[in-house]
Structure formats: C-alpha cells, structure tokens
Amino acid sequence: MTGNDHLNDALGKLTADMLASYEAEPRTRRIGETFLPSRENIYDILDEIRELVFPGYFGHKLLTNENVGYHVGNLLVRLGADLTEQIMHCICTGHRCPDCAASAPCNDMRVCAADAERMTTEFLQRIPGIRRLLALDAQAAYDGDPAARSIEEIIYCYPGFYAVTVYRIAYELHAIGVPLMPRIMSEHAHAVTGTDIHPGARIGESFFIDHATGVVIGETTKIGGNVKIYQGVTLGAKSFPKDERGRVIKGLQRHPTIEDDVTIYPNATILGGETVIGRGVTVGGNAYVTSSVEAGRLVRQESPRLEVLDKKVKSSDPVKPAS
Amino acid sequence: MTGNDHLNDALGKLTADMLASYEAEPRTRRIGETFLPSRENIYDILDEIRELVFPGYFGHKLLTNENVGYHVGNLLVRLGADLTEQIMHCICTGHRCPDCAASAPCNDMRVCAADAERMTTEFLQRIPGIRRLLALDAQAAYDGDPAARSIEEIIYCYPGFYAVTVYRIAYELHAIGVPLMPRIMSEHAHAVTGTDIHPGARIGESFFIDHATGVVIGETTKIGGNVKIYQGVTLGAKSFPKDERGRVIKGLQRHPTIEDDVTIYPNATILGGETVIGRGVTVGGNAYVTSSVEAGRLVRQESPRLEVLDKKVKSSDPVKPAS
Amino acid sequence: MTGNDHLNDALGKLTADMLASYEAEPRTRRIGETFLPSRENIYDILDEIRELVFPGYFGHKLLTNENVGYHVGNLLVRLGADLTEQIMHCICTGHRCPDCAASAPCNDMRVCAADAERMTTEFLQRIPGIRRLLALDAQAAYDGDPAARSIEEIIYCYPGFYAVTVYRIAYELHAIGVPLMPRIMSEHAHAVTGTDIHPGARIGESFFIDHATGVVIGETTKIGGNVKIYQGVTLGAKSFPKDERGRVIKGLQRHPTIEDDVTIYPNATILGGETVIGRGVTVGGNAYVTSSVEAGRLVRQESPRLEVLDKKVKSSDPVKPAS
Amino acid sequence: MTGNDHLNDALGKLTADMLASYEAEPRTRRIGETFLPSRENIYDILDEIRELVFPGYFGHKLLTNENVGYHVGNLLVRLGADLTEQIMHCICTGHRCPDCAASAPCNDMRVCAADAERMTTEFLQRIPGIRRLLALDAQAAYDGDPAARSIEEIIYCYPGFYAVTVYRIAYELHAIGVPLMPRIMSEHAHAVTGTDIHPGARIGESFFIDHATGVVIGETTKIGGNVKIYQGVTLGAKSFPKDERGRVIKGLQRHPTIEDDVTIYPNATILGGETVIGRGVTVGGNAYVTSSVEAGRLVRQESPRLEVLDKKVKSSDPVKPAS
Amino acid sequence: MTGNDHLNDALGKLTADMLASYEAEPRTRRIGETFLPSRENIYDILDEIRELVFPGYFGHKLLTNENVGYHVGNLLVRLGADLTEQIMHCICTGHRCPDCAASAPCNDMRVCAADAERMTTEFLQRIPGIRRLLALDAQAAYDGDPAARSIEEIIYCYPGFYAVTVYRIAYELHAIGVPLMPRIMSEHAHAVTGTDIHPGARIGESFFIDHATGVVIGETTKIGGNVKIYQGVTLGAKSFPKDERGRVIKGLQRHPTIEDDVTIYPNATILGGETVIGRGVTVGGNAYVTSSVEAGRLVRQESPRLEVLDKKVKSSDPVKPAS
Amino acid sequence: MTGNDHLNDALGKLTADMLASYEAEPRTRRIGETFLPSRENIYDILDEIRELVFPGYFGHKLLTNENVGYHVGNLLVRLGADLTEQIMHCICTGHRCPDCAASAPCNDMRVCAADAERMTTEFLQRIPGIRRLLALDAQAAYDGDPAARSIEEIIYCYPGFYAVTVYRIAYELHAIGVPLMPRIMSEHAHAVTGTDIHPGARIGESFFIDHATGVVIGETTKIGGNVKIYQGVTLGAKSFPKDERGRVIKGLQRHPTIEDDVTIYPNATILGGETVIGRGVTVGGNAYVTSSVEAGRLVRQESPRLEVLDKKVKSSDPVKPAS
C-alpha cells in the first residue's frame, strides 16, 4: 500500500472546496450544534427492551426463578440509563425543529435531562402493558399461520412479529411525547422487515402481519382487534386537505379505519381517512379500495380477464419488464 | 452523565411489576429452560458455508492450488463444530414444540448431540451437490440478465442469487430434518433481500430471481428447471382445506406448480395447489392467476384502460395515496 | 462441547469430495486469482462519504467552525486511501470480465494503481456537486412529506433519502468508469431500503422517494427535476431488442423517461424506452403504463369494479393467498 | 499484498515436517485431549471478582443504594457461571497430572461439573471475608505510604495492592482445592506487577507491598499481621531436603516465617524454612538473611566499604555492566 | 453448558451477605458517588499523545507534508476532548480526598469542567516542549547503547525510552495540578516496563534508562542533564522526618540529587534527600550509597570476597534460594 | 459532554506550533516515509507460532489425529502471509538505518518482498527444530521446579518458559537476518515477563529461568546445556573496548560464557566477555562475579556480617529507603 500522490497534491484545494460547499449549503450541515441521538444506541435500546419483554429469548443467559429478579432489576437500570441519555439528545435536537420555533428553545440541558428522566420512567412503567399485548399478538400469529410450529418460532423468527413488537414500543414512546426516537425505531424495523408502520397508528389486540415485505401503515390509521394482513398491503392516505395557504390541515384522519376481525390479503390497497372496513370483512389480494365496506362482506377485485396468447407475440409487445 | 433519581426511586416497583407480568403471561417467557439456538451463530454458519461453496469469494484469503486443500479441511472442521452445536440447540428447542407432544421429550442431551452429529455430517456430504446447483443458477442469472458483466458479479452482488443460495442450503437442512434452523436461515435471507422462500419449496436447476424485493414462494410450491422470476412475484396458497375440527389438513399441496422454462414478470400473483403453469409459459407483469395455464402460452393481464384526465381533478379525488 | 467423531471419520473424504467439486465446476471458484474488492470496506467508504457530505450528522464528533477544516482534510485523506485501495481491486477484478476480453488484461498492478489514484481524486472533486444535489433532495422530501418534522429527520432517518444518497454517489463513480463498486453500493442500499436504483440511471434535482420498499429504477431511465415517487414503483424495460445472434443491442434506452414535476403513486409500473411521461403528469397508484403520456395529465388505472360478496363463499374460492 | 510463491511451493513439505515433529515429540502437543481452561476467561473472572469486591470502582456503572442489590445478584450469577465453567476445565486438565496418576482419572465430565459447581459456591461464600481483609490491606497501604492521597488511589492504582488482591483470591481457590486456576491468576498478577506470590503462601492482615517489582514470596512462607515489604524482596527457600531417591520431601516448610509488625526494605533476601523474623523486626535494604532474627531488632547489612576512585580507571576495569 | 443449581439455591443469601459486607466496610465501596476516571481512556490518551509527539510512528497512517497539518489538528481535537473529560473526572474524584477535606468540595460539575478545559489547553501547549526533550532523550539512548541500530528502534522498541516518555507527559500534568491522572499514567508505564518514576521527580535533558526492569525513582529526586542509569537502580528515601504528631513533614527533599553526566550501573541503590552525586560521577553495579559523592569520582562497591568452594557442601547450606 | 471552547480558540495556534516543532526536530518524526512494521501484528505472529509449536494449547480448537493436518497447513498459510508482510516492512525500515548508509537503499519494494518471502520460508523450516528445543526446555523446567505439577502447567503458565520460547523464535529470525522484528519480539517478552534476553545470545538445550523478573542476558552471551537461572540474574558486559575514534569495536564477545550444567541463584551478576563459568558450577544468590570460575566449583558471596541493632536507631539513620 503506497500513498496516492495525485490526491496528496489536490488535498488543500479539495478541503477548501468542501468547506466552501458547507458555507454555500447550510441546510445539510450541523456545525456548532449539539449531538444527534445515536442510532446505534437506539438499536441497542430496542434489543434491551426485547430482552426485558421476552425473558430468556434474547441475551445469552440461563434464567431461573432464583436469578430472574436480579436480571430484571439490573436490565432496568441499564435500559433506564441508556434511554435517559438518548431521549435527552432527542429532546435537544427536537427543540430546534420548525414546529416549536415559536417558543424559545430551552438552552438548558438540565431541563431536557429532567424531562428525559421523567419520560424514561413513564415508559418503563408501560412495559408490562406492552408485554400483555405482544403475548396476544404472538398467539394470533400462531393461530393464523398453519405453518407455525410454536410460539417460540414466532417470537424468535417472524419478521411480521418483529415489526409489530417495534411498533408497540415506538407507539408508547410517541404517546409519551418523545421526539425522533420512535421514528428511528420504526425505520429500523422497516429496514429489517420491509414493513413501515408509523408510530402514531393505533392498532388493537391480536394483530398479525404475514410475510411482512412491502406493508405500509400510515400515521392516522385505526385498526381494531384480531386483524390479519399480508405482504404488500398499503393502508394509506388519499390527497391531503389543505388550508388556503396550501398547508396540510393537521389533526384530521387521513388513513383508513379497519374494524375487528378483518383479514386483508397480499398487495391490497386501502386508502382514505373516511374509508371504514367493517367488522369481519375479508379484502382479497390486489384489491384497490377507496371507499367504505360494510361489516361481514368479502371484497375482492373483479378478476381481470387474462389474455392467453400464442407465444408468437411481436417483440414490441409490452409484456417484459426487465432490468 | 448523571444518575436518574426518578428511575431510581421507582426501581423496586418496576422490577416487581415486571416479574408479576412474567407470572401473568407465561407464553412469552423462557425461565428455567434450555438455550435457544443462536441466530448470530447461524448467520456465521451461512457465511462459512458460502466460503466453502464459493472458494476465493468470501473470506479474506488468497487461495492457490497448493493451499486450498488445507483451507477446505480446516473450514469443514470449523463449520462442522458450529453446525453440531447449533443443530443440537435446535433439536432441544424443537422437542418442546406442540407437534411432538405425543412422544415424550427426550430429556437427554446426549441423544440430541448424537443426532446433531449425524445430521451435520449428512449435510456436509450434500454440499458438493448444492455447489453444482448454484453454479447452474449463477449461469442462469448471467444468461438471463443482459446487464450482468460476469459470473463473479452475480455471486458477489446479486440479492436474488443470495436468496437462492440460502434457499438451497436451508432446503437440504430441512430435508435432513433439522428443526428451526432452516427457518432462521430463510428469514435472514428474507431480511437481507426481501425474498421469502420457504425451505420446503422444491426448486429445479437454473433458477433466477431478478431484483428480488417482495417475492414470496410458499412451502409446497414446485418449480421446474430454467425458471426466471422478477420482483414482487407471489407463488401462494388460496384458502386451506380444513378438517371438521377446523384444522388445516396437512400433506396437501397448497401452492402452485411451475414447470420448466417459465418466466414470471414483476408483481404477478399465482395461487393454489392445483394451479399448474405449463412448460415454457410466460406470465406478464401484475397478472393474477388462480387456475392452470397450458404449456407454451403467454398469459397477461388484459390491460386495464387508463384514464387520462385533465389535472383539474377535485381535491377529494382518490388518486393520491401518501404517508 | 465435545468433538464430533462422526464428522471426524468422514473428514478426509469430505475434503476430497469438495476439492473434486471445485475441479468439476470451475466457474464458481477463484483459486489462484487476485482479491475481490471488500464489500465491508466499500460500506465503510459509503459511511465516510456520508460523514463528509453531511458534516455533524454521522460520526461522533462535535464540529465547530474552528475544527471543521482539520476534520475535513483528515477525512479526505482517510477516504482517499480507502477508495484508492478498493478501486484498484475493482479494476483488477473488472479486467477479467468478458466485456473487455478483447483488450489484453493489463497484468500490471501499477497501472491499476495509477488509474485508481486518478479516479479517486476525480471522485473527491465531485463531492461538493453531490452535496448540492442532496441538499435539494432533502428539501424536496421535507416539502413533499407533511409528516416530516425537519430536514434533520430526513437526512437521519428516511430510507428513500438514503437510497438517493447512495445513488448519487454510485452514479458519479459509474460515470468516472469505476467498475463493480457502484453495483456493490447500490445493492447495499437495496438491501437496507428495498429500493433498487441502477447507478446508470439519470435523475434530476429535487428527487424524493417515499416509503421506499419495492422501488426499481432501471439502468437507462431518465428522470427530470422535482419528481416524487412512492413505494413499489417500477420504472422498467419491456423486452430487449436483440441482434441476429440473439444478443441484446446495447446503447439503446430500454427504460422510460420521466419529465419534470411528475408524481408517481404506489405500485405503479411504467415500462419501455420509448415511454415518456410528460411534464407535470400525475400517475395514480397501481397504474400499469406502457406508452407515453402527454404533459399535464393525470393518469390513473380505471378503477376495476369491486365485488362485494356475502361471506358464504365456497372454500375453493381463489381469494385467500396465504403462506 | 501478493502471494508468497516461495512458501506455496514448500507448503506440503512444511506441513508434513510439522506433523512429523508432533509425532517425534509428544510431550508438547495436546491432540485428542480436552480443552485447557481459558486464560482470557480467567482474567475476566478476576475482573468480575474485583467488581464485586470493590463496588463502584471497576465496571462502568453508577451504583446507588437502590440498584446495588440487583447489580450484585446479577454479577454473582455471571461470575458463578464463568467460574463453574473454568473450574471444570481446570479439574479435567488437572486429573491428568502426574500427582493423581495413582487414582484413576474420572473420565466423567459430570463428576467434574458437580465438583466445579460446589467449589464455585464455596468460593463465592468466601468473598465477604476477602473483602474484609482487603479493606485492611488498603488501609495499611494508606497508612504506610506518605505519598498516598486517598484509599481510592490505592485501590485504583497501586500495583502492590493489585498483587495482594489477586493473592487473596487465588489463596482461597487454592485452599478449596481448585487446580491450575490459582497459578494462572498469580502469574497474571506477576506479569502486571512484577510481584510473584505463590497462592499457597499464608499472609496475615494489613499487608503492604510498595513499588512491587521483583518481589518473590514462596509457597510455604508464613507472614503475620501488619507487615510491609518493598520492591525486590525475596522470601525464598534454601535447598530442598530430599529423600533417598532424590525426590523433594513434601510437606516441609521451605520458606521463612515473618511475624507481626515486620518491615523489610528493598532488595532484601530472606531464605529458609527455619528462618523466623521475629515480631517488630526491621530488615534493612539489600540484607541477605539466612537465619532467624529475634523480635524487636533492626537487622541491616553491614555497609560494605565504598571505594571512591579517581576517574582514571583502566578501561579493563570491571565496573561497567552494560548491554 | 448447564446451570449451577448449587449456586442458584445459594444466590439470595450470597447477595444479602455481599450487601451486608458493603455496609460493614464502607471504605472500599463507592455507592452513590461520581464516576472515577477511566484507566482505559487514560491509556488511550497516552497513545494519542505519543501519536502527536512522534508523528508517523504510532497510528496507521502515511503522513506527508501535505496531510500532516490536518492530521495534527484533528488529533488535537480528539485528544483535547478525551483529556477534558478524564481530567474532569480526576478533579471530581480528587476533591473528595482527605487532604482537601478542609476546603468544602465544590459540588458543582461546571466548575470542574471549566478547570478541566483550562488545564487541557495548558497541557497541549506544553507538548512541543515535551517533544524537544524526548528528541534529546532518544539521541542519548542512541549514543549510550552501542547495540542501538537507529533512533527509530529506540522510539519504537525501548522500554526505558517508553518509561521516560510517559514520565515527561505525567510530569507536565502533575505540574499543571491535574490530580490522579499522572499517577495512573506512571503506574501504567511501571506495569509495562518495570520502571517506576514518580511524576513529581525532576529529570534533566538527555536521560537514558537501559533495560529498565526494577528501576525506582522517588518523588523528590532531582536529576541533571545527560544522566544514564541501568536496570534495578533505586533512587529512594531514607526515613521520613516527622512532626511531633508523627506526620511526615511535607515539602522536604527526601530523595537524592544526581548532577549532570552521571552514570549509575545496575542494581545500585542511592538514598536520602541530602545525598548529592556530583557531576560526572560513575556509580558501580550493586553499590549502596547513602551519602554524597563529589564530582568526577568513580564509586564502586568494594568487591566482597567470593568463596569458591568444592561442591561437597552440606545440604543444609544456605546457598540455594529457590521457589 | 460539551465542547471545550478554551481549546477551540487555541486550536489554530496549537496546530501551527506542533508543525513548527516537527520542522525544528526532524529526528523524531516520520513524514513522507514508509510504514513501520506493526507491533500488534508481530505480537499476533508470536501467538500464531506458539499455536503451531504447541498444538492444542493455544487457540480454541479441539485437535484430533484426523484434523490436525488441515489445521497445520492452514496455520502455516496464515502465518506465512503475516510474516511475509511484516518482514517486508522490517526490511524497508532497516535499509534506512545508519549502519547500511554506505550501500544505497534499495528503493524497490519488490526486492524487499522477494527477500521477505525467502526469509519467511526459511524461518518456517526451522520451526520443528525450535519445537525440539522447547520440549527439552519444558522438561528441564519440570525437573527443575519441585512445585511444577505437569509439563502442561509449564507451557501454559510459566513466565520464564514464555521468555525462552520467544527467545528461541527471535534467535532464528535474527540468525536469518530479519532486522527489527527479533527486537520487537524480545521487548514484548521483556514487558510480559520482566526477562530481557537479547536475540543474539546463544543458549543451549534444556534451559530454565525461574520467577523470571529482572533477568538480563546480553547480546554475546554463550550459555551451554542444562543451565538454570533465577530471578534478577544479570549476564552483562563490563566496559566496551573502543577504537581510537571512541567507537565500540564490534565482533568481540562482551558478555560471559556459561558452560553446561551451571545453576545461578537469584540476583547474581556475572560480567565480562572473558569470564567463563565452568561446567557444573553453582553461583550463589547476590554473587557479583567478574572473572572466570573453574568447573565443578560452588561460588558464593562471602556473607556480609549482619548488624543486629536495638530499634532505638536515630531517625537520620540510612536504613529506610522508601517511596
């Protein structure tokens, strides 16, 4: 390995140009500002929460009735310290966001720290509740997938279950008012599973997502109990109502309501804040639904007629999407 | 970094509540039970197998004709030890699953260990066969993608090829009867590539998946030789026939049969255990196929008519799904 | 952990069989050849470039006006060395590819090294330009997503923005003529985000991809300024025109042209090198477009009629794709 | 980095020669035998014990009255598991040693495991006692070194105190009958501090070693309370009485007895199992003592006369030991 | 690996006993107190300073005239941040020490931080001076050891030079008033080299220690320029003058003064604050010197008469110190 | 953690001063020069050699008769590559040393590489010979230390044996002509054990060092077979004969000759190139020997008379060397 003389000669100018670029475009630099929260540490926090929620599954320790109490107390201390630090960074970063520009930024780390400590404790108190919901979700996955061999397999392997786990955690942090962190968590689950659930969505008990890739669930979606969805399902918005200045009107429900006991098959799309899929409805694969469906119905895309052709099609024929 | 007094005061109660939660919901805890297999170690095992199957590609060693024998023998020893240990954990965990509740759990680690040793050796004997198939798959990818520059690029970079590699490994472990591990492997490939191939599917020679994201191939799918599929393709089940007690009847083929020389374009969906796509068929993009197609045909979705509108649509118009 | 006698006895034969397999199938082994570029190092290079492009975001250092110059110069040196080394490996590997078989391989590492040094410097000179484009992309994401709270959130969390970042880097490397590395980078972004953008595509200013999973953008796609696309969109080829020997004719545009100010909603598919989506067009969700659309229009899939059925459907009914 | 052809050509012969060398000299190979205990793991065990003995000093956690109980319980579980595993390896290795050749080796890992579990618990019960002694040793160091600023500085920095800490741990393990591990621990302290204390030595309360380098304390040494020694002190054996077959007669005290309140200055040497240094004695620097000294005396080397010469010494003069 | 039931049963009592032990002996626990400085971080700081002082030697970077400025600026930033943090911890810990109990502890982290920032900058300003001295020390080693092949070998390999390097760094930190850190540094060098130099000692230019093991240089030692010493040399105190309450009287010189151009051969001992070894003196190996020697003399131990005996010595003869 | 404004303001000047210091003192900087060999890599090489020499001891692998051949071949490849790289760096660095200034530096990396490859192979061929000697050394330690329980304990734990192991390796590299590396190795052993053996010393079979700390063995020492030495022994030079220009005359033996079957007890010093300790001699503890002793004799320091005083010594009495 030898040096790169070419680069060496250009080094001074390259550096100057880069600094000039920082001057020219200040939106994408953070110079003289506080630390952002650490994404790596937030992923570790997710792991710690999972270790707490599913004792004996994650982490490499044999738990017994005798040692589990020490394990839990100790894990709470570690998790509490990690959460406090990262929530504080999230608050500090968040105070600079446009939405709170009206109120003066706090400029006082100790206020942020006090908030972070309170939010951390509040979140930890909610973990037993998260645990109760996830047990129901795991059971729903077991009941809903005939290929599942055990609850353990679901907790340990199913991407859809992982996406729901992270959602239930992010939802509580979002509800407590922690900025940024719920988003970082949900994007992590998105990267791992291909399922994008906004932390603001409301999802009832016994929820199951099978295969997971390509699912999108929007911020104001409401989902009842005992709902099951498959890969590629979008629960999205139509257009956004705007005020006269062209700004999106906030506080409105933009995404659909899915009532109890609904099943939605792969690649179905359901759009709109006024769209209500009634109790017990089944939505067929590929269906594109933009208005409400009453309870108890089965909705499916009218099968488009298939053309079955002889292979002698012309080469200009539009059948072959390819790389 | 200072302590969190708020949390400190709550620590005793938080711990007690968490322990009570474990009592209340025993399905999602493993206390007083054996270790689960390690997912991280199983990912390492996948890397070791790839190093063995594609010598000189992965791992950081210059192989020569003189040193390759030592390298291989040594890698087999390492892989063999890692596989034996993890298969043993998989067997121990698996014995507790509902499906084998009828037979008494073995309660004897040495039996599991002996099984694990035998299965490990059996699997290692199959690697040359896996290698032969993967060479054909790589060639198929090279022939099938005009953008491919070399076989090396395919082996080193293509996510679809990675998904097939993991499938062929997981398939053999599944065939030998190793529990849980094939699933952990296929979910790993799923997370990395967005392609979800069940280890029980049967896939012939010279198979190629392009772009990979969103592909789902179900457990009882049968795929012939020289088949090519694109992103977003689902080879799935319709509904599952159930017995009078509402339990899925096992042993039936629930997923389609794809014969030799078939090409399936992006986002096509093919469903059902009795659906046979005959030799040489081409399935067009977005097609939704639920019944058999005879050999040599080209099947495509009848193009739905596009509406081309003036932009003065009303703001309530359902065209804009958004976050 | 004890030894595996079973395996031990078979070790000699297993090794011999594996070596025989290498002999039998030489396409998938690299014995007696140079090192491939390191994917891990190339991922690190991506991280270093991001640290340079978005100062203060990635990496764990507090930047100030006083220290940022040293930081940048130092980072350029490190990045320069890493790039030079990996580009050299890419060139060495690339010279063996079929496409350049006509010209004699260089067989002279120093030539490769000189090329690598020149290409590295050339790339580093382009980073301020990349930075300018990414600032516009970040602003476009902020303007385009009402849920976005700040530019920081976009840079730090949005998978679509990450995919575009990697694309803009890979594009410049591809333009300079670096082999293999752009592909490795784009497949990395593909794995993380589910978005597959070929480094050869041309994409204008202020580009935004929302939700990201399942997007495919082909090699010869041309995209104008201010374009926004959603999850699951494919910009693909129809069939490839071939010469009389059956080889794809190179140099033709196989993928569509998207003009300025176009928005494409989820899961829409647009195919073909002669397909031009005119300025300001909106393409609705799920639309399947294979011919040009003139400027200013709104194109949407004619809503297929939904069947709303009573739940008493027959069990053989093809509505339930499942695992 | 290129390959080494020279080596490549010789590889087969080099390997064969090495294997022949293993055949020729079996004393220094372990082929087909159990694992040795892990030195790295045993060093980690020392760190864990220190974390337990001096809470809040080592390890990176803020301890409070509320969390310390969970911390301790959890640390005991971790330490207990690590100790059990390594003690088991020590027992397995030890059973092959010449001294127990008379009794048949156990050949039953479960017996070793049961012994290891019992010994581990026994050791953990002794830690409060070790703690009590080390508090007195720390106080003795603080009182004995006018340069010491605080007890914390001693616990955190003093090599002599570290050597004593490891000795007190190794002594208890040795007393319980754990083979090999005490030796590995004492050699670790020896490497770090230059002080070599045999785990079998008996040392009373309030013991202090200053500067530490070069101290040797033999196996059958007996040291009373409130003793202070300096760098380079040897408490050693004279010759070993042997039986008629030339074997050392075991069970005899070969090293000296040091009574309470003795101070021994640097580089003094005290030899012999019958040598008793009485209560309150002070031994001067460089003294070479091979017989007993009665209580209350000050013993010093008679100052050898110094020659003070003019510098015009001949070049052959033996004053200049050098490298 | 199975659990240890024996330990499991005892766990509650073991924990309670340990907590009782913490109550009983509060001197050796830190519960509810601030963090100690991190020894690992302080060792890293030493490495960073060495990288700064000897550019191109340590760290893995090719330095050129073009890049060295960025490297230095960047390293100063990193070192500055690390030093500030650890010095702050040192100050916080130090304020609790007995010696400053009279003055109220500050209880205000921001005061400590401000002091730490000032001290850090002050230290960094002294590094060029340290560099100048170390260049002279390296030259002295090269001139003084005929076996030395190059200055590089000395800087890179010689333990005596490493001990002097750490001393010169620790001395400046001690002079600036940083508590605890100089001690941690000098004990680190002590562990690595066997040479124990108190940070308070004053040592002139061009100092060389050969072989290093066992050297002790006390707190109030004064050493002139161009002095060379060998392994095992002690420059120590006699007894300490005490006041009527038995406390050591501070501020007095307790260790010897060594003037310019002195050479001290292995294992020589020189004691006492009033002992002055005059300019140009040579002290022979093993000499034990407790009073002053005037300039220009050669001092050596009068050779003790060697007894050369026939081997038929009695077995009780005190010649064989052994383990 | 907040920034250090104090430092920030000074940063520019600090950097400039540091650069000026590099200009002012060029002896201690390496700017624009090749890489030094890596000490960390050389320590790893030592570990690899030990793994090869003592199979089954170091490294974490269960060796069997079936797998040991693959293990050895593979380890030779790895060790060979590491050695080749580091020896090349050693040669490149060495060519700049003053001693070879007469001959032009090679300036051709390929020449160095070829030398490095040849030297590497030559060294590997010598490992069986090293192994034979170390087996004898281990046996000698076992026979010589009545406290030793097994050969394994010696190989695994004894610092003196480690020092001899490293010496035998460094000796062969030195004999082959590898610059710098033997020194780096011997200083590593020196740091770990306190024993400093020059790689140029010649030491016969069955050599044993007990306790190890403080031993120094000079470059031209010759030691016969079956020699045993204890801690603190120096085998050193008297003064160095110099030529008329004051340069040390090379090629002369400056250190003593120790014949077969000699034992040297702790802290003895033997000096001078003409000093021969004859076959079978025993040298007593603390003896200071500067002339030859004929075979079969026992040499001991005439016991200096001990003064045994009443404790009422004056406080000015020079008996208390202390810190």
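Each chain carries a letter (A, B, C, D, E and F) given by its place in the written order, and its residues are counted from 1.
FYI, a contact is a pair of C-beta atoms (placed from the backbone, for glycine too) under 8 Å apart; a residue touches a chain by one contact, two chains touch by 3 or more.
Being a predicted model, the structure only gives us computed values, none of them experimental.
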Through what angle, between 0 and 180°, must chain A be rotated so its C-alpha atoms fit those of chain B, rounded to a multiple of 5? 120
Same or different: do the copies chain D and chain F touch each other through matching residue numbers, with over half of them shared? different
Chain B-chain F separation of Cα centroids, rounded to whole Å: 55
Report the inter-centroid distance (CA atoms only) between chain A and chain E in whole Å. 54
Between chain C and chain D, what is the separation of their C-alpha centroids in Å? 59
So which bits of chain F are touching at least two other chains? 1, 3, 11, 15, 35, 62, 64, 67, 69-70, 72-73, 76-77, 81, 146-147, 194, 198, 211, 213-214, 216, 219, 232, 234, 236, 240, 266-267, 269, 271, 285, 290, 301, 304, 319-323
In the complex, go through chain B and note every residue touching chain A. 1-7, 10-11, 14-15, 17-22, 24-25, 27-33, 35-36, 38-39, 93-94, 96-99, 145-147, 179-180, 183-184, 187, 190-191, 194, 196, 198, 210-211, 213-214, 216, 219, 230, 232, 234, 236, 240, 248, 265-267, 269, 271, 280, 282, 284-285, 287-290, 293, 296-302, 304, 315-323
Show which residues of chain E lie in contact with chain C when the two form their complex. 61-62, 67, 69-74, 76-78, 81
Mind listing the chain B positions that touch chain D in their complex? 2-3, 8-9, 11-12, 15, 62, 64, 66-67, 70
In their shared complex, chain F is touched by residues of chain E numbered 52-57, 60, 62-65, 68-69, 72-73, 76-77, 80-81, 84-85, 113, 117-118, 120-121, 124-125, 127-128, 131-132, 134-135, 138-139, 146-147, 149-153, 155-159, 192-194, 198, 211, 213-214, 216, 218-219, 231-232, 234, 236-242, 254, 266-267, 269, 271-272, 285-286, 290-291, 301, 303-311, 313, 319-323
